[in-house]
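Below, subunit A partners subunit B and then partners subunit C, in two separate complexes.
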Partner chain A sequence: MSEAAHNSEGLVFHPMDQFIVRPLFGDDGVVGPLTFTNAALWMLVAVLMATLLFVVGTRGRSIVPTRVQSIAELAYGFVHKMVEDVSGKDGLKFFPYIFTLFIFIVFSNFLGLIPGAFTSTSHIAVTAVLAVAVFLTVTIVGFVKNGAGFLGLFWVTSAPLPLRPILALIEIISYFVRPVSHSIRLAGNMMAGHAVIKVFAAFAPLILMSTIGLAVTPLSILAITAMYGLEILVAFIQAYVFTILTCVYLKDALHPHH
Partner chain B sequence: MSEPNDLERLKALDERLAKLKKANQPGPKVQQQGHEMANVAWRMVTELVAGLLIGFGIGYGLDVLFGTMPLFLVLFILLGLAAGIRVMMRSAAEVQRQSQEAATAARNEGD
Partner chain C sequence: MEGSIVQMGAYIGAGLACMGMGGAAVGVGNVAGNFLSGALRNPSAAAGQTATLFIGIAFAEALGIFSFLVALLLMFAV
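Moving on to the complex of A and B:
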């Protein structure tokens, strides 16, 4: 903030400032384990919105649904079909969990698109918790369903015996690639798009400083609009990708021999 | 409002509905293609990078633990790269299988 005051003559670029986690109460700026921050607030808002949609929106339980109820039903049907298609009938036991993940990510992504809002899914801390939860679930389910046979996933029997320990090491590392790439993908996508919008936004006030602004300002406003449209797509697609990969991992745990 | 007339109209409506349904069906798959491809590419890149990162992390940790600085780092970065490529190839195979399934499904529907 103080730096911005110093450079008030030139353009001010702070594309990453929007991702700073700040405590909402108190001025000391220290974030402890139980501090109520803007990230916590926007996650709570996401949960609240989901509750509004699914609990209050479907309260009527009408046979001919109202608009809000049909949105809820569409979302339910969409994810239900996805789980059934990707992980099979026995994957449907995990439908409530996967649906919860999808709805939380969708709401966080879209709430982050409101100007001035905080995108909680742009933080690896948030997405890593979701990804590690999926990873633990899938691993535990794999061991419960298949017993020690689940370890056969790492022991490539088609390879010659001396190569197998090295291949097992590679397989184990590649098993751990999943939660890492799972969380980096979501957070990276959300962060990159929002940062690009902020960079374009920093160019917008150029018209107040020089005549070049006559060309740059409309262009940057146009670019912000285009990026925002793209971000709306990305917000949905990334939630979809996160969910469908969860289904794929679940399928691998339920039927490891494919 | 005689009955045969109604039956005929219903049949005509059925035919029109069937035609419309058939016209609509392949639509969404084709539209999604561009995004889906971009997603697959992005997924593979993150998988490769994640493999390298994990390899680096394990190697660095072991080296700090044992005091053999470059040895495990080099070894595990290579292993991580191999693991990343392994995951990448697996998701590529998955995409290929999906597109083949879609192609056979489309062919069966065309008959």
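Moving on to the complex of A and C:
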């Protein structure tokens, strides 16, 4: 997407400009495989924040937790209960992985809400890596734990026999669509919400140009505020949904029989 | 000329793909509404089913997001 192309008309900025990956150093603007970009910076910030919360925040190990320590403990307990409830007791072996996923996504989503920040989870490249990693883990775990019995996931024994091949086809398609929907759900939600905020932001300076702005500008500022509130909710819910779907897929791998 | 017709078709297709959002809206509303009517009948069982609620919403929403993907592909990839 070229930036100069759509700068000539009324909109000063394009709603999708905020998702452009730029190199932080150097003026040539070429993004190579090892370029340090704004996406890399904000992912690094997310990791640093998570480290700060869980290493420095819980350093005291007090019986009566401090505020920061109790945030860390609440997050740990929340995900631990989720893994135990959805995947079962034997799913707890994968708790560190699932907790890492949740914390990374939740920190990336919330850091992206800071005005001017870059939302790394709004890029399909980032979420696809997370989703494909989950897909490969789940598939490998399924075959290692159950051997060929893992294929029973696709052979629905509770259905009448003539229906089973058709159901198997549907199950196989839905199995391979999992990484696609898993990654696009997160990236699409983050991208769409942030783009909507920017669209309303484009209407806000109308008051400087014409009298119709007297009506439009307060409305658009209100809309930005409302959307921002909704985005705070979405940032958490999408991290939750990503994590809980990982737990569901893990449950399928550990117990493939319906 | 030929290129502009292709581009017009891509833009119209992207707009049409947005109709899928309506389907996702109906689906998500159906899931949430049925959860609420069940939860009001038996509030004590509701708390244990919120995970199922979110899984159902996520699956219903996935198909709306596929239409969003089609729109994005038409806008930026075709």
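Assume the second predicted complex is superposed on the first by the 231 of 258 C-alpha atoms of A that agree within 3 Å, B and C clash if a C-alpha of one lies under 4 Å from a C-alpha of the other, contacts with A are read in each partner's own complex, and residues count from 1 in each chain.
Keep this in mind: a contact is a pair of C-beta atoms (placed from the backbone, for glycine too) under 8 Å apart; a residue touches a chain by one contact, two chains touch by 3 or more.
In this text, all values refer to a predicted model and were calculated from it rather than measured experimentally.
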{"item": "Combined model on subunit A where subunit B meets subunit C, clash or fit", "value": "clash"}
{"item": "Subunit B versus subunit C as contact partner of A:15, first or second or both or neither", "value": "neither"}
{"item": "First (subunit B), second (subunit C), both or neither touched by A:82", "value": "second"}
{"item": "Touching partner for A:192 - first (subunit B), second (subunit C), both, neither", "value": "second"}
{"item": "First (subunit B), second (subunit C), both or neither touched by A:233", "value": "first"}
{"item": "Touching partner for A:213 - first (subunit B), second (subunit C), both, neither", "value": "neither"}
{"item": "Partner chain(s) touched by A:184 [first = subunit B, second = subunit C, both, neither]", "value": "both"}
{"item": "First, second, both or neither for A:176, with subunit B first and subunit C second", "value": "first"}
{"item": "Against subunit C, colliding segment of subunit B, chosen among 7-15, 43-51, 61-69 or 79-87", "value": "43-51"}
{"item": "Subunit C-contacting residues of subunit A that also contact subunit B", "value": "181, 184-185, 188-189, 237, 241, 245, 248"}
{"item": "Contact set on subunit A toward subunit C in their complex", "value": "1, 82, 85-86, 181, 184-185, 188-189, 192, 237, 240-241, 244-245, 248"}
{"item": "Of subunit A, residues touching subunit B in the complex", "value": "166, 169-171, 173-174, 176-178, 180-181, 184-185, 188-189, 233, 237, 241, 245, 248"}
{"item": "Of all residues in subunit B, those that touch subunit A in their complex", "value": "35, 39, 42-43, 46-47, 49-51, 53-55, 58, 79-80, 82-84, 86-87, 90, 94"}
{"item": "Interfacial residue positions of subunit C with respect to subunit A in the complex", "value": "51, 54-55, 57-58, 61-62, 65-66, 68-69, 76"}
